[in-house]
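Have a look at the structure below before the remarks.
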């Protein structure tokens, strides 16, 4: 850590540092791209985890979180600019591909435009939206942005600000789709996009030429809502983000807040949290299997997957009282103790599932047609996976060992023994197999813990009003679809100054276009299914 | 074995005894039409119900069970509803072709339906080139699908239609060749002739290996012809929303829905008449008493029983296999089925010429 | 008159006033016997064959999927065929949050549904905006842009609750007057002018 | 008699469609709004026409099909009388078949059977 600080300060004397769990570097905007180049090329920070847009009142800016995949060391860079009217920051899309979507998101929420970004359109909001909602001075009057029932104009060109070699800024337009192209909308209302994602797809017969992703069809403004809620209240949104990894999401928020407060969570709660996380992962992967098979046309598989998922939901329901939005974890522990039958049922389930997995493999994995549809389709190299930030099971299928549970262990993951499932093919089949194998690993984790849940409190008693100390906090957990990061900037109040959810699914759609090019429509469906994105998670 | 031509002749004589010949003929024609229509509708409804129940049991569900005992009126309710649903007219479609498409689809399946021998002496159209005619008319259906997809002026339907064009056209070949193989064996194209030729044993038994291969190819190609099962690319729901009939509503859509199930029946009916002896009971040479018992089962039951069993297999395909991709679909046909078919035809010719069959 | 739904007792529907009101209106309108009988047949067919549009935006959509899956199996009631094309669907289950960007899309889907069509608002978000009610980008209930027939509260509602709501929809369909009621022929000129 | 029955079946099919459409047209409900008649494309207005030039790959298979289907038509009459012709019939038709198969081999070698 100190090492990185030295290297950066020797490279750039203007940089100032704030020590913390993650080193924070502040640079002036003019030097930012230079530093980014240095971080990427010389220090090998090849994974851009997140770009957090910020509005500090007087100034605006971004906080970048970077990771070096070689040793998983992290660094964050803060770039601050004073011009609120026409904020401009240099883009880093030339270094990290995941910035393509992240910077558009910042533009959408804060109006910060990125120099040299090829595509400065709004990401989540309509292109005729007035104002930038996450700015502190946003006019929230419904009169300004009423519900519009006319369709937004289709844009076939994008606008960009380009810096010419002599340092001048120029407005340019880039063509997305030519007038003669056969452009089909796949989604928002489409059975295979797993929700309301819109893919504008240019087709040549059956072949996909280009995909342009439109998000925001279920953008609910959670980050803005959190700013007016107290910390315990913000928790309940976590369940509704990626509802298929509800427990893990909530775990992330709790971890972040507990970290800031430096609360020690009782052992019993740690055990239960780990087990619940893994159960959630199993249920999510089962749902992945069901829907993926259905996308490929194997309808019966859908029913088998759901049949077994219901068994997990039964276990959840007994303890948490709900089938989907559990509201179970809380700051400092759990909402309630586990149900007396919990251990017995979980053990029964762990004994039941492996046999069923074999059945899945005979039904679907071994099928000739399924194999032909999956193998060699949607290739993603390790470098691309890192550059596009495609982590989680999809990244591990490309040979990138990116499991947060191993790299930055939380809860009990450093105490249990499990393998990180990594495959190297990087195709649809690998992504499919990684998930099915992860189910077995999760069962293995649960089996190690379930008999050893210690007695004791399930939660520490917290003060009725929770106030976080000032500072920036960032925690990640491994959700079912990849690392979910929670960023909180606290100004010492009872509600967060800014809460940013770094979703695991947004980078996944960023990688759709390169993966699907020159494939067939059917491949697009298979690739989309294998990435297993959840739209409300990426839209927030 | 009861010959249904006795009944038809009796009705014919009765009518002729009370009215002039042309009147009797007219009434007979109307009767034929009505019976055919009823049979068509009832079969389609039965098949819809049958498929739902079968797939429900594959999927550990119950399937429809609220409307009528065991839900048997479910498909009736569906048809009622579809009949009175709105027919949407599109703004920028080719209206003539849009409206023509369902006619083509239904008429094609109706004509093919009329060719099937439902029982002994129970057949509407019986040409000496019957099986040839059957293949010819059933392939009109693809025109309907093409027109439906093209005329809607919708990108999904267009892709669906063109997919189905490439698919149907390819698998038509396999159907043609496997039927040809059986025609070589039977030595006749007349449907009655083919069935009569199987009185001593069904072709699938007497024609041994080439007949079995032809049967398997026919099953695969027939599944593809009906746009079902792993070959449902033209209406691939997860890719093209509803495929070529995305824009069809109400009874317009109902026609495609009906025809899909009727085509399933026709394909299995043809399979049963070519390979499993049509309405011919199971006869095993030498087991006279067994054969006599088999003869007591009415021919109609034999035919429908065989057809339903084959349909069950085709439904089984659908609910087991994932969907093929278009290039795999065409590769399967042109690189595997077609050469296999040609070789199989050759073997069959040798078998026939040298009398190697039973 | 009782509106019967198989295997669900009349008393088990807790809010009968609305249906009673519909029946009263039906009786007051004095249809003749033939039309009345036809109506009954048609309503029987329609209520037992309501096909949903496969539409879901968020959490409730997963529960909607469980509704179709093995344990709950909505095919039993005749909600068998979830159609992906609005031309062939009978009702749209608005399962999940509807946001500003989605509003025109949903409206278009509703417009493109073939008559007779129904809307079921599933879950807190579709009913009122739910936990996101105060957000800048969320509709405060889907009834701001569509006429809703049945509301199913919950976050997300349990599949049993969804069944209850769907049965309510069936009951509503059962007492509808088809001739001169639901099928009144709207004039094209009224919408488009001459 | 058979051709008359053929017409009867044809008319039955037409009548089925016609009658059902008539009933549906008479009693089915109607509603009008500007968006209804437009193409359904996942709830988004379409961009441009969908009637446009389409990839040639599909037609290639149609042409191949033509070649083979016409040949099968010629084979059918031969198939019926094969038993009478015997080995001579086989030898004669072999010439024909070989040319046909050569066509397939040629197409295969040319890569026409590969979807592009």
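To keep things simple, chains are lettered A, B, C and D as they appear, and every chain counts its residues starting from 1.
By our rule, contacts are C-beta pairs under 8 Å (C-beta built on N, C-alpha and C of every residue); 3 or more make two chains touch, one makes a residue touch a chain.
Just so it is clear, the model here is predicted, and its values are computed rather than measured.
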Chain pair with the most C-beta contacts: B-D
Between chain C and chain A, distance of the C-alpha-averaged centres to the nearest whole Å: 35
Length of the line joining the C-alpha centres of chain A and chain B, rounded to whole Å: 50
Distance from chain D to chain B - Cα centre to Cα centre, in angstrom: 15
Two or more partner chains touched - positions in chain B: 59-61, 84-88, 155-156, 163, 237, 241, 246-247, 250, 326-327
Residue numbers of chain A (touch at least two other chains): 151, 182, 184, 188-191, 206, 302-304, 307
Where chain D touches two or more other chains at once, by residue number: 27-31, 36, 38, 40-46, 50, 54, 58, 115
Pairwise touch network: line, ring, star, complete, or other: complete
Footprint of chain A on chain D - complex, ascending: 41-48, 50, 52, 54-55, 57-58, 115
Touching residues (chain side chain C, partner chain A) in the complex: 53-59, 61-63, 65-66, 69-71, 84, 86, 96-97, 99-105, 107-109, 131-132, 134-139, 144-145, 155-156, 158
Touching residues (chain side chain C, partner chain B) in the complex: 6-7, 41-42, 44-46, 48-49, 70, 73, 75-78, 80-81, 83-85, 87-88, 90, 112, 114-116, 178, 183
For the chain A and chain C complex, residues of the former touching the latter: 124-126, 129, 133, 138, 140, 145, 147-152, 188-191, 195-196, 216-222, 224-225, 228, 236-237, 240, 243-244, 287, 290-291, 302-304, 306-307, 309-310, 323-325, 535-536
Parts of chain D lying in touch with chain B, wherever the complex brings them together: 2, 4-6, 8-17, 20-21, 23-25, 27-31, 36-42, 46, 49-51, 54, 58, 61-62, 64-65, 68-69, 72, 75-76, 79-83, 86-87, 89-90, 97, 101, 104, 108, 113-115
